[in-house]
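Pasting in a structure now, in structure tokens, and then I'll have a few things to ask.
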Amino acid sequence: MSLVELADIRKRFGAVEVLKGISLTLEKGEIVAVIGRSGSGKSTMLRCINGLEKVQAGRIVVDGIDVTAPKADLNLLRQRAGMVFQSYNLFPHLNVERNVMLALKLVRKLDTSAAREVARAVVTKVGLADKLHAYPDELSGGQQQRVAIARSLAMQPTLMLFDEITSALDPELVGEVLRVLEGVASEGMTMMLVTHEMNFAKNVADRVIFMHEGRIHEDGPARETLLEPRTAELRSFLNAVLH
Amino acid sequence: MSYNFKFDVLLRYVPEILQGVFLTLQFSVITMLCGLAIGLIVAMASISPLMPLRACARIYVEALRNTPLLVQLFIVFFGLPSIGIRLGANTAALIALSINMGAYGAEILRAGFESVRQSQIEAGRSLGLTAGQTFRHVVLFQAVKTIYPALASQFVLIMLTTSVVSSIGATELFHQAAFIDSRTYRSFETYTLITISYLVLTLAFRAFFAGVYWVVFVRRPRR
Amino acid sequence: MIREFADADIVYLIEAARWTLLLALTATVGGGLLGIVVAVLRVIPFRPLNWLAIAWINLIQGTPLLGQLFVFFFGLPLVGLSVDAWTAAALSLSIYASAFFGEIWRGSLQSVSQRQWEAGAALGLTYAQRLGHVVLPQAIRISIAPTVGFLVQLVKNTSLTALIGFVELTRASQIISGATFAPLPVYLTAAVIYFIICFSLSQLAHMLERRLHVAR
């Protein structure tokens, strides 16, 4: 069975239909880049996958959990599917270590010393061992985003969702975050990332999904799809972002 | 100018003043707690999806914030007996003060909860925290930090405002002034001394609250 | 003689409300003038004067208005001023208001950013020109809504003067309540009159805040 299955999902905000029938499957270990114009529904799709938004129709199954079932265990789902946001969303009142430890203690029920050990390991992995006791507002945007990745990674999810996690960063800080992502990818994590970094998509992703007006317009191997777009819409989108 | 200011005769009444201070603090703390409890209910009603609940909350807040506490107090103490509700002065005072504080508490609490961004809640939920855990560990601390200054100044304000309940004979610090005045006939000195006592309380509590703020919200434990 | 609470009593209350308004108005003018002094002393670049203003503000905001009223009421005669309730009320409410106006206006002045001063300087304006043409117009704009908001507090607080015997709306209610033995309708009527005045002012403050915020 695939790790993620979306079957004909539809999502409306009021009268506006934002997702107009999305179907896709994601295999374990796959790295998928989601691209598309602003407003095409990329974030909404990600948010539906981890249950932050409710869909009006269709079925979503993640790691055996039926997200769309009325009694879905969303907390379990969210342990399996980590999510990192564009705006980092670190908890401002907790230092780096405690940001990471919070869910380990509350959700995975680790005791303090075990949680601290995990926290130190993941924070070291994203290259911030020297910032363990710093508070979010003492870090640069790139560092905050790396902590957010570590915080999500610490939960040992089977799937990670990234929503434009470099878009809020100054250009010189994008590289450090992408390198962390590459590291996570190389360890076999299943990843779905909305991104505007076409080079990253081309080099790191296995597969590219191009969304257009609430539908999946193209879906194929990363290099091929980006180098030889089949549809005029993707071609014009790529022209717009590359120039 | 022939008047001799005499504060020394008041020295005998230090125990009465201290007792008044204690009673005033008691009034203030109870008012603050009851007011916040009422405020929490009203604040929740005011963000409820149900229109009638929101309307009730709005009416409550507007009615209490746009009329004087003294008149509210008179309604409770002098007015309610005519419909069969007879209350002692202290009880009436506490009820009027709490209902009044409820309106301000509601606004403070609502502002606090609205100040915590939706994205913080989503971050908590997407880590698998339950709604309750997210509220306790993510929202509450940030909300309390935001409203703390307002709560602290509200407490001082309540402390000063409780003086008004002496007018119906409730026993607190300002009431002691009337008592001492009736014994000494030194009205000016008495009221000056009592008024200054409030100033001392105000300054002491401001310092205390600032200290607590520093310890809880500013100081950053490095571990 | 006990009599019914009648229309004539409502008229009496409304007439008493004029004293409430007059007192609030007097305190606004008196407190406003004094408040300008407080605000200026607070921002002027001379420390001792800043401290003086801070002490003034703390003294008034740190003590109950009721205490201030009694101190004036009993104190002024001692320094040889024959004082009726009106004078004591008007004086202490003005002093009370001065501290709050002073703080509101200081805040407004200081919320006009340093950059605006610098922008004015960059254009070669003198200090007075920068203050008069750049900073003050913005500060006044910012201060209008909170100033009107404070008037609500002021109107409500005039009720305390009833306790030193000044016959405004609350004292008038006490009098009628005593004559009619109908405290509930009397005080509710008084509450409604206060509400009409204060709610109008609150709404005005809200409206001004929205208006002045949008139009920048």
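Should a chain be cited, it is by its letter among A, B and C, assigned in written order, with residues numbered from 1 in that chain.
The rule we apply is simple: contacts are C-beta pairs under 8 Å (C-beta built on N, C-alpha and C of every residue); 3 or more make two chains touch, one makes a residue touch a chain.
Please read all numbers here as calculations on a predicted model, not as lab measurements.
Sorting all chain pairs by how many C-beta pairs they have in contact places B-C at the top. Think of the whole protein's Cα atoms as having one middle point; the chain whose own Cα middle lies nearest to it is B.
A straight line joining the Cα centres of chain A and chain C is 55 Å long. With each centre defined as the average position of its C-alpha atoms, the distance from chain A to chain B rounds to 47 Å.
Centres computed as Cα averages put chain B at a distance of 21 Å from chain C. Contacts from chain B toward chain C in the complex involve residues 1, 3, 5, 62-63, 65-72, 74-75, 78-83, 156, 160-161, 163-164, 166-167, 174, 177, 187-188, 191-192, 194-196, 198-199, 202-203. In the complex of the two chains, the chain A residues touching chain B come out as 50, 52, 74-76, 78-79, 82-83, 85, 87, 89-93, 95, 102-103, 106-107, 133, 135, 151-152, 155. Note for the complex: chain C touches chain B at residues 58-59, 61-68, 70-71, 74-75, 78-80, 152, 156-157, 159-160, 162-163, 170, 173-174, 177, 182-184, 187-188, 190-191, 194-195, 198-199, 202. Taken together, the chain B residues at the contact with chain A in this complex read 119-120, 122-130, 133, 137-138, 141-142, 145, 217, 220-223.
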